[in-house]
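Consider the two complexes below, in which subunit A is the common component and subunit B and subunit C are the respective partners.
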Partner chain A sequence: MIHSDHQFDAIVIGAGHNGLIAAAYLGKAGKRVLLLEAATRLGGALTTAEVSPDYRVSTGAHLLDALPRRIEKDLKLAKHGLRFAARQLQTIALDRDHNHIVLALGRGNLDILRRHSAADADAFAAYLARMKSYSAVLGPLLRDALPDIEPETMSRRLRRLVWRAQRLGGETLESLMRQLPGSIGDLLNDTFETPLIKGALALDALMGSGEGPYSAGTALTSIARQSLRSISKGPHSIEGGLGGFTDALAASAASYGVVIRAATDVKRILVSDGHVYGIETQTNEIYEAPFVLSSAHPRETMLDLVGAKYLDAGLVKQLNEITDTGTTAKLNLSLDGLPTIQGLAPQEYGARILVAPSLVALDDAYTAFKHGGIASDIPMEVTMPSVIDAPLVPSGQHVMSIVMQYVPYEIKGGWEQGRDRLVDRAIETLSAYAPDLRQRIVAGELMLPPDIENKFGLVNGGWYHGDMRLDQLLSFRPAPALARYATPVKGLYLCGAGSHPGGGICGLPGEYAARLVLSEGARA
Partner chain B sequence: MERHDAIVIGGGLNGLTAAAYLARAGVDVLLVERNERLGSAAAGFDIHPGFRMPRFTLGTSSLPHHTVTDLELPKFGLRFMRVDGGVSLLADGCYHASYRDGLMMRRELTRHSLKDADAWTRFRRDMLRAQFSLRDALAQPMHDPSRRSLAAFRALLGNADQLAIKPVPDLHDMTRLWTMSCAEFLDSYFTSDIVKMHLAAKALAGTTFGPYSPSSARFLMNLFSAETEGAGGGAPASVLAMGGPQAVADALGAAIEGFGGHVRTESEVTDVILRDGKARGVALADGEEIYADAVLSDLDLKRTFLALFPWKDLPKGFVERVGRFRMRGVTAKINLALDGLPAFPVVPDDCPALQGGLRLAMPMEKLEQAFDDWRSHMPPRTPLIEALIPSMSDRSLAPLGKHVMSVAVHYVPEVLHDGAWTQSRKDDFTDLVIGEITAHSPGFKDLILATETLVPPDIESEVGLTAGDFEQGEMSLDQMFFNRPMPGLANYETPIGNFYLCSGSAHPGALETGGTGAGAAQRVAAALGRNVITRRGVGI
Partner chain C sequence: MSDDTKLNSIVEPPPLVADVNDANTTPRPPPVPRLNLAALDEISRADPALFEDRRADPPFSRQVMTTPLHFYVASESLTNLWCNWNGYTVADQLTSLDDEYAALRHGAALADISPLVKYRISGPDALAWLRRLVTGNLVSLSVDEIIPVVFCEDRGLVVGDGLLFRLGDSEFRLVTEERHLAWFMDSAIGHNVRIEDVSKTLAAMSLQGPLSCAVLSEAGFSGIENLRCYTAHWFNVTGMPVYVSRSGNSGDLGYELWVDPDDAPAFWLRLLDKGKAYGVKAGGFALREIARIEAGIPRAGVDYLGAFSAVDPQSALTPFELGFSALVDLNGEHFTGREALRKAKTLPPRYILATLAVDWSAPLTFAAIRDGSGVAGIATSTGFSHALGINLALATLRPAAIADGAVLHVQAEVREELSLRVISAAARILAGPAVLLPARHLVPAPLVTRR
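On to the complex of A and B.
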């Protein structure tokens, strides 16, 4: 059969990592796939660009922390250029008094923790074991593909969950039952006494979410996050920044014959008789395919690209109610040398660094955020990728990549005035640990939630195409009727972070959606 | 030597309900109360000669229908009144009232938004549905998943099956109600700010949650507790007992004695007598010892275990676990005797909804700020003020032409970050609240004949509630159902043999007035070889 260059087996909308992964899986299975991206470059929030001439850094997300090895292998990403600057980065919580805590087991690490509190050093191993067993119980539910809708399958799945929980044993089960519905702050207060370790572990759990350390349900969401992460034993740092990951995905997809078009904005998804038959671009070009997969936000896909007239009113309401909370800003800095962080060993400069001195500081930042303000102490996750990936920058120079948590989408008085204040606060917060930071700064770029929205198409600057909260997870993600990637429009599937299991660079929505399309295609 | 089948320590509504159910089941029960009057937090008093009112609570508390009928309370003198559901006043002169009558409610909502009048039907249906399924759940015995028994495991598998057959959209609705914030949840129904403020203020009053706290939406369904639902299609009624909450306590006390039980007031229990690790009775402050086969405590979890037992007699680690049970005071009470009925010019004359009380509503942002102030232990700046003038509908409470006003002020911290609750601070606080009310009611200040202000530490010392927490333990999801008060103790049992918890610290706590007492009575009666029969769960 001869294909015209406007006819494909499948069209994938959006070349973020999920779109790329979906397209690559389909291509690998021998399908003729067209992948369309509105922006001029691929990768969505996973790109590498210059902060200032010759200083390159991951523009948005800066660590890869939940990608399953299976996807890496299936798509032969290593062959297509994926290189890890470092696997399993250490996470270090910075201490004002230079006794920085490494959040991992190991004798040296525990010795430092013991300087803060002997009880906490003893509690730490038990805590990690407990979190691990929690995620062993809940993990499969949270990361495996959703079972079909039949009550028998659901029931079998839930019975297995009960069984796994029973096998935990009395005390662990008891603490799971007690802590699961609660907040991460209460959980940590019950476990530790050192403010720093509580602050750091809470920030680790809350990064990117719009909830505070004492918000109900945060214990569960942090276990969900942990169980997604445990698939890849992350976080990992990528050579060339996260753009390197995108490049490898694109190369893999291209090797399977996927046709990739950047700077091609889709205007609408074409539907006839309740069945999708292609898409139309902003420039009025029409591409046809029996399958269309969209990695765009579910609301954008269903309401803007398909149109409400094809959907029932209840679904439209649900789509309109998906919440996205922007809570982070990104600050990238070019530095003319490595800033000195007292107490940090030379090999630790390449680690993932958390700045969150206490639950109190975190809660204050959350309160300020809720009321449209900026905290005096900004919680942040910092990496200096140039330490382990020298080619990013000119020799002897460095880049620092900072994710600031609890930065609101809108601020009282407007961002016009607030921008400089935020940068100033961030640098001041960090200067408490790295006094010479300010002198090292050559250039910088700040991305506020509205900038993240504009640049990466993430609604409100939220990371996940729908906040990862209990009412927007599992069978509810993005809405009950859309939870299994299929939509009421036959042949149209969702394959982005807005679908189960959700965001956090795990690539699973893309993989699961592609597998579903392949099995449906085989049946047809 | 005095001996009974069972002793109940404390005469709050749960203790009274427990004792009444036990007495009715033929158990020889003695209830011991430290104060002169029964009722604990429900107690009332004469604020001024001739002026009677509930001293600690707002005064709208009622009992579930099944408790009233089970215990034949009307026979013991209890009468309830149903009045319209309250008015919210806004600083800009707006108001919103709740009516039981569906047409009046619709007209009221239409004043603000036609869309909201339509949304009301949907909201009301969803809340009633949630309320009914909660009632169903409360009627089931609570299985504790941390108890590793075959029966518990079977029950859990049964729950899993039940969950599996529920349609996903229903589960989604349930999850939204139980996990979302109140403000966000209301946004999915209503557009008019005052309608949302009206509902949020009433739902959140007395809770430790703010309008933007995750899992605060579920308090909205409490507004629709099935028993108060009229058939009219409007808002649920406010239920007032004739004679105030004190009358509820007195009727329960009369019921206990009517069923052959015993009540002793002005007797304080100081110790639980233990032998071989089991409770055998109680010791009173005057040294008297009374023995029994079962002892029930209506004191909160902390007070029960930290005050009635030598800590060394409790299992290892238990005191720490009790210490971690979260109890936080959030409500202060101001009691006023008034020389006449205050006027609220914004509200039409004779608006019947005023009888259901009034709230000074505020925008969600401001309410959240009040909540955040409370969380950071700031002296209240813009607390949530709720008032009831029970003498409007119950003329027995005040001399002719005069009135009592019961004011509950929420988001008031127990401990202030910068010092203690001194008298001058309390005076400032009282002035703030009276000033706020006067802003809506010119001349209000001049009507006041007498005032009393009770901040959470006062409530702790007068009522005995730890931290002044009326909920006897925060009603957060991790302290509810099988977690209340803690895993392993969900069945009113404690690590001490023959010793049971019947206070609001146990399940279902604040979800149902007297519910813990009824549940504990069932458990204890079974242990004593008796059977408590209740209409709970029988169709309403």
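On to the complex of A and C.
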């Protein structure tokens, strides 16, 4: 069959990782796929660029958290150049007194924890086991494709959930029911006494979210995150930064015949009598396809690209109410040598480092954030990828990649003045652990939430296309009528982080949407 | 000592009257008021205005309202029977229901219908917004035309119904029984449209009956007989502009007048005056109710619950179940609930709204409609039709109740002084409205000479 070059089997909008994964799956199934990206480069927030000449680092996201092995294998990513600089990075909570805690089991790790508190060392194993059992109960619900909402399937599904919980014993079920609606802060206070381990575990649960350690529902969101991460036993560090991951996905998609067009902004999705039939670009080019998948924000897809007049009013209202909270800033630094962090073993410099001394500090930072200010102690997630991936930088040099949590989108007095203050505070906070950091800085770049919004097209600089809050998860993500990737516009599907199971570089929305399209296509 | 300093010497905050705007903020611990009673006394004597509550009414704070015609209607009342319609005090009966009914069916009945909710919809996207809101097809709606509409939410359940007027290219009026502003505003996301509740600034009265056209003609509405059913026209009567639509819910010839509240009394008096020779009488709400029951018109909030009012979604109905099928166009442009209604159309209805006749020659009170096996439905509106001499009801019935061979009856208690009888009266479903007169559609409308 001869196709014109404006006709495809499916069009995917947005070449972030979810869009790439969806396109690759469709291509692999033999479909003629067109993948369109508004930006000039692919990958969305997963990209590697230079901080300063010859110093390269992941510009936005810097760790691969939750990509299932299945996707890696299905799309033959290793063959297309995906290399892990390190799998299963250790997470280390920095201590002012140099007794840094490794957040993992192991005799050496527990010995250090015992120096803080003997009780906590014992409680830690029990805590990890408990989180594991919670995630075993809820995991399938939180990360598998949602069942359809037919009462029959739904009740079978819920019965299975209860059965799984019962099998783990009444105690698990009871504590699960008690703790799910609560806050991660309360859960940790119930379990530990050392401020450092509480602070670090809470930050781990809250990275990228707009909620505080004592916000209700954060216990569940933290379990959700845990269970997503447990699919791939992440976090992992990628050779060449996360741009390397994007390159491998793009190569894989291209190998399946996916036509990829960057710098092609979609103006609208074409709908006729409730059916999608293609898209129109900003340059008024029309591409036709019976299926369109959009990895853009659900609100942008449905309201800007489709248009409210093709949708029911209640749905439009729900889409309009999706909240995106920008809570992080990214600071990338070029260093002329490795800063000295006292008490950190040489092999631990490549780890994922958390700076969150206590729940109190975290809550203070959250309070400052809520009121449009900057905390004095900024909670941070730090990596130095050049330690485990030397080719990123000239020999002997290093890069540091810092995600600062609780940085508001808007700050009192404006970011003009606040920018330098934020960088100064961040370096000051880190200098408490690495006193020589300031001398080592050669260059740096700071991305505030508005910069993240501009650069990666993420609304308000929020990471997830809709906050991963209790009321925006599962069947409510992004809206009840859209929870299963399909939309009321026949042939149009959502395949981005705004759909279940959500954001966090798991690639699952892309995979599930593509699989759904393939099964619907087969039925049609 | 000036008044200001005197005031300060009397009261430290708190204010004597709590500020309504403070209700949302965190309650402050009440500071101990230090009240100097003697000084207070002196000031209140000096200037009582200081203690007046001068807040403007917050929106919707006033729950008991009167219409612009209230005093003119009240002066017709011989019964002092009043009722509440949409928060407005309206006459239930003015003279007697029998007299008013006789006027309605043989002459003309004038009524104050200002409590209806009226929305003005304007702006570049007004038509697009309406097309997405209502289930019907608005393509052929021209200026000065009227169309009955029904609007649903996403699940295809009816939110409300009303009458849509096209006043201009992009100006419309939607008249409804209940308030829907919140839903309208939600529906307006993504539309450049202005939606105003103009209920208070627009008075309305209805003149229904076989002689209504003659009365209007007599009152100076020249050419009124050529107005087609469901169209409207601007008239200028004794220097006052008035928008007259040939509409109403009596099942007979009738008109509705939409007029500035200041001019409304003049029209009211003029129509009563000029209509005297035609047997015009002022009617109350009870008359309006029996007229619409005879005409088989369900009333929102009474005969059906809006989708957002029903606590149990099972209690909200689709347009098909309410008998509004003719107002639904599933093949036109997209509207809210279209997909759900396409699906609903393939399913058997859960309920059916029908007009029921109960053959009993005196008014009865009943709710349950029974068949052989038990309760088959409920009567949501009941009334006694003087013209037919039977009880009528609008009833929501299970489909089984309208199957061939179903025998329905109602039970009622009939009290005569100190004796009480429980009677069982046969009920039958009418194929259509009990009263639907061809004069509604006649053009030119009958201009009967004065009696």
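One rule holds for everything that comes next: the second predicted complex is superposed on the first by the 524 of 524 C-alpha atoms of A that agree within 3 Å, B and C clash if a C-alpha of one lies under 4 Å from a C-alpha of the other, contacts with A are read in each partner's own complex, and residues count from 1 in each chain.
Everything below uses one rule, namely that a contact is a pair of C-beta atoms (placed from the backbone, for glycine too) under 8 Å apart; a residue touches a chain by one contact, two chains touch by 3 or more.
A quick note: this is a predicted structure, and the numbers were derived from the prediction, not measured.
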Counting residues of subunit A in contact, which comes out ahead: subunit B or subunit C? B
Answer with first, second, both or neither: which of subunit B and subunit C does A:H275 touch in the superposed model? neither
Check the residue A:D186 against both partner chains and state whether it touches subunit B (first), subunit C (second), both, or neither. first
Name the contact category of A:P488: first (subunit B only), second (subunit C only), both, or neither. second
Name the contact category of A:E211: first (subunit B only), second (subunit C only), both, or neither. first
On the A-aligned overlay, A:A313 touches which partner chain: subunit B = first, subunit C = second, or both, or neither? second
So, does A:H6 touch the first partner subunit B, the second partner subunit C, both, or neither? neither
Partner chain(s) touched by A:L303 [first = subunit B, second = subunit C, both, neither]: second
Take the contacts of subunit A with subunit B and those with subunit C, and give the residues found in both. 317, 481
Can you name the residues of subunit A that touch subunit B in the complex? 149, 151-152, 154-155, 157-159, 161-162, 165-166, 170, 173-175, 177-183, 186, 190, 211, 214-219, 317, 321, 323, 367, 370-371, 469-471, 475-476, 479-481, 483
Name, in rising order, each residue of subunit B that touches subunit A in their complex. 145-146, 148, 153, 156-157, 160-161, 163-165, 168-169, 171-172, 175-176, 179-180, 184, 188, 212-215, 324, 326, 365, 368-369, 372, 375-376, 476-478, 480, 482-483, 486-488
Provide the residue numbers of subunit C that touch subunit A in the complex, in ascending order. 128, 131-133, 153-154, 183, 186-187, 189-191, 333-334, 336-340
Looking at the complex, which residues from subunit A come into contact with subunit C? 274, 303, 307-317, 320, 481, 488
